[in-house]
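Per-chain numbering from 1; labels A, B, C and D assigned in written order.
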Amino acid sequence: MSIKEGQLVYLYGGERASYLILYYPGKRFSTHLGEVILPSDVSFGDSLTTNTGRKFYLLRPTTSDLAMKVRRTTTIIYPKDAGYMLLEAGIGSGSRVLEVGSGSGALTIILAMAVGEDGKVYSFERRKEFMENAMENVKRAGLEERVEFFNMDPASEGFPVENLDAAFVDVPEPWTLARPVHEALMGGGRWISLSPTIEQVQMTFDALEEGFVRLKCVEILEREILVRRGKTRPRERMVSHTGYVVTASKVNAK
Amino acid sequence: MSIKEGQLVYLYGGERASYLILYYPGKRFSTHLGEVILPSDVSFGDSLTTNTGRKFYLLRPTTSDLAMKVRRTTTIIYPKDAGYMLLEAGIGSGSRVLEVGSGSGALTIILAMAVGEDGKVYSFERRKEFMENAMENVKRAGLEERVEFFNMDPASEGFPVENLDAAFVDVPEPWTLARPVHEALMGGGRWISLSPTIEQVQMTFDALEEGFVRLKCVEILEREILVRRGKTRPRERMVSHTGYVVTASKVNAK
Amino acid sequence: MSIKEGQLVYLYGGERASYLILYYPGKRFSTHLGEVILPSDVSFGDSLTTNTGRKFYLLRPTTSDLAMKVRRTTTIIYPKDAGYMLLEAGIGSGSRVLEVGSGSGALTIILAMAVGEDGKVYSFERRKEFMENAMENVKRAGLEERVEFFNMDPASEGFPVENLDAAFVDVPEPWTLARPVHEALMGGGRWISLSPTIEQVQMTFDALEEGFVRLKCVEILEREILVRRGKTRPRERMVSHTGYVVTASKVNAK
Amino acid sequence: MSIKEGQLVYLYGGERASYLILYYPGKRFSTHLGEVILPSDVSFGDSLTTNTGRKFYLLRPTTSDLAMKVRRTTTIIYPKDAGYMLLEAGIGSGSRVLEVGSGSGALTIILAMAVGEDGKVYSFERRKEFMENAMENVKRAGLEERVEFFNMDPASEGFPVENLDAAFVDVPEPWTLARPVHEALMGGGRWISLSPTIEQVQMTFDALEEGFVRLKCVEILEREILVRRGKTRPRERMVSHTGYVVTASKVNAK
């Protein structure tokens, strides 16, 4: 199956030489391992050779790749966290979900993949330049039909959408959104927030005590194992903290 | 939005009193906190009171709930692992994926949620009674249209499907499937396996060296934080090992 | 080298059948794997057979064994934490250290091992029955000459000792001891406390801001690897939290 | 208590500005935060000010400081591992222990602190330049009386000492030492080795199956918590692997 013009390709030349690029036949691409020219009529799984003789593969990007390779204006969410959050939200194709703030659009892309063509992501970001970068990243991933962006601050203004399946909250003061999110969710809808500090978690728990049940906080750790014949061991350094995930379910007023 | 007859409900009465049940008006359900009778015309987010005065909520099941509450004939996959695996597979609505072995159907349900109505999960299980239990669990989750089960051993017979986006392998000898999975995947398609022991990982790496690139092994750890006013701390015991996740991308023969 | 009468022996019949006992020739000891009679003239490293044919070894107790096998009236400190704490205290043979609360005496024993015959542990416990149990445990380990117990509350009364090398604090409100410990330590002396909750740590940090520098908080995790031919993997469950260790150095008033 | 000439001092000007130095009155010491001149008649816990107005404290070095601040010719052992190893060895003041390889002397220093003036560390290193550096580091810590160094390879030659309490093995092929260490230990004596790869652990377990019981493998993880008002969280990166600790007890031939 040939790669189409404008399609995203994960150009893989090893762990430290991998790039998410848009495919156009004849396009030149320079890496520290040499230059490649993208040929016409290639398929995913094919390989290329740089002018210096190094091999690169044309791979299909994973969802993690799409998220991790966005142009960043903020810290981004890690797949280890996003994967857990997705399953805790109970969303799938056709779901309608809220995202507050868009950040660099990494989670927006993951959510857009999850809700499919029939679903919708409503993504709110109060800093205009961040929103524009996120839109650009979502568009590059070819997912712009599934996302509606809002440049506003829902903590004060509330959300112009309702009856949503889940809300993903990644802002410095998630507790300010407990009321507006409660109004925007359908009964039983899920709150999913991510915060780096324990004090943010404590204040979020306090705010969710009214209108939500099933509050839970976890952290997810990812540890790589280097598997090499006779020399297998965990990698020596790792990301030891990104954030705490808080989940809860909306309940209806008595 | 009223809950419909036959719909799955997460009946939540606290962390140690939660049940995944099928909703039928008038149905009686007994718990160690008393008995409830499911009323007609209720919505997600509503609450009930048991005959002993305890409160239960009718919540929307998360994907994790669907997976963790299957009837088990085998050890099941944990959401912490499944979420990471999903994002590493790069699948979404419309994807066609392979699963070898079905086990209890926990991952089957997660995959069926991810591929949506337009996608398909081809799930292989050689032990017939396990397959039948998995089918039952998938059906209960209302996802049977999205899954095709096969009671066969693809290590010897190969797969009767091809051009797939990703393969999820959870069998004791994943390395025996490297060849047949390579044939079943499209170029650039993803291998995702989960194995409890380091020796299984080593043999899988060996087998994937031909025909696959971008091999990686990680383990995912989930740690719960108990957030209580003035007494916040990590839970004192945790599941410290489920399995190692191995991922790779299929490349085409030169 | 023969084991002497009254000496502690670690009777080892496997991971789930091990006992810390006092050696007396002719003594009978019953286990779920049968009964042994301790012979005369045996050495460490020798083996015995129970009346049901199971083998037990007479091993030398480790410091961890001495601590973990005390009679418990409280939760006890784990070797993973105690080992780190010892090295952070900078103590050795001849050191004079403070311990507040004695608890079950597990840490008292570890400290007594570390300071040797020329050192001294001053151990404070306000609950008399706990102190008496701790004394009993220390005596059983043969270390009573190295420890002086005090049944008092130093938070209100202060310490009757001074110029100490380090203070080990394991009480619910460590911050109440910042002043009295500062007075009891020599210049540059070390504060080492252990607390289960993050709020305790925060209040301790606040209290140590005056009179101490080099404040640090860590948690230590121990994960067992089950090494078995062809089936090597981490143990499936672990203790995921005991406490946070806080360390600091006393500085002199300007 | 005045600091004596030639005594080790931990000069502390913050987490990124701390130095282990030998005290001599009038000595100048330059840091990236300015220069200090060590005054006469100062005590531990006193402070100094650099020529640029920054404050430094004269602290008593912890055992961890002595180990971590050695001049390194090799990777060194971390206190998190060494603390656990010490307690598993059951050694204290007066113990006689074996160390194979000396490395940079970091563990040698920790062991010398533990065995006190009445104990002895026999430290073996086959690379002469490493041994000489380790000797230099031990001497600087003032512990040279407690350590005897040997420039030889005990895997082939055996050990010229016997009846030891414990052996600490940190070499690439620990399994080659199982026999010689067995001969050098007293009955019930402890084997403690540290290895970075899982294959080393597997081969060590195989070798210890004869002559040792109570085999155990653990890894120790240290995670720092940054405690700051309103912004408490784990540090974002950590050392995720140093090595696996293997412990065992020598048993006598039947």
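Details
FYI, a residue touches a chain if its C-beta (ideal position, glycine included) is under 8 Å from a C-beta of that chain, and two chains touch if they have at least 3 such contacts.
Here the structure is a predicted model, which means the values were calculated and not measured.
At the subunit C-subunit D interface, residue numbers used by both copies make up over half of all numbers present, so the two copies contact each other through mostly the same positions. With centres taken as mean Cα positions, subunit D sits 21 Å from subunit C. Once the centre of each chain is set as its mean CA position, subunit A and subunit C turn out to be 46 Å apart.
Between subunit B and subunit C the centroid-to-centroid distance comes to 43 Å (mean Cα coordinates, whole Å).
Residue numbers of subunit D whose C-beta contacts span two or more other chains: 198, 223, 232.
If each chain is drawn as a node and touching chains are joined, the picture is one closed loop, every chain linked to exactly two others. Which chains touch which is summed up as A-B, A-D, B-C, C-D. Looking at the complex, you find that subunit B touches subunit C at residues 196-199, 223, 230-242. Touching subunit D in their complex are the following residues of subunit C: 1, 12, 43-47, 57-67, 79-80, 82-94, 110, 113-119, 163, 165, 186-190, 198, 201-202, 205, 213-227, 229, 232, 244, 249-252, 254.
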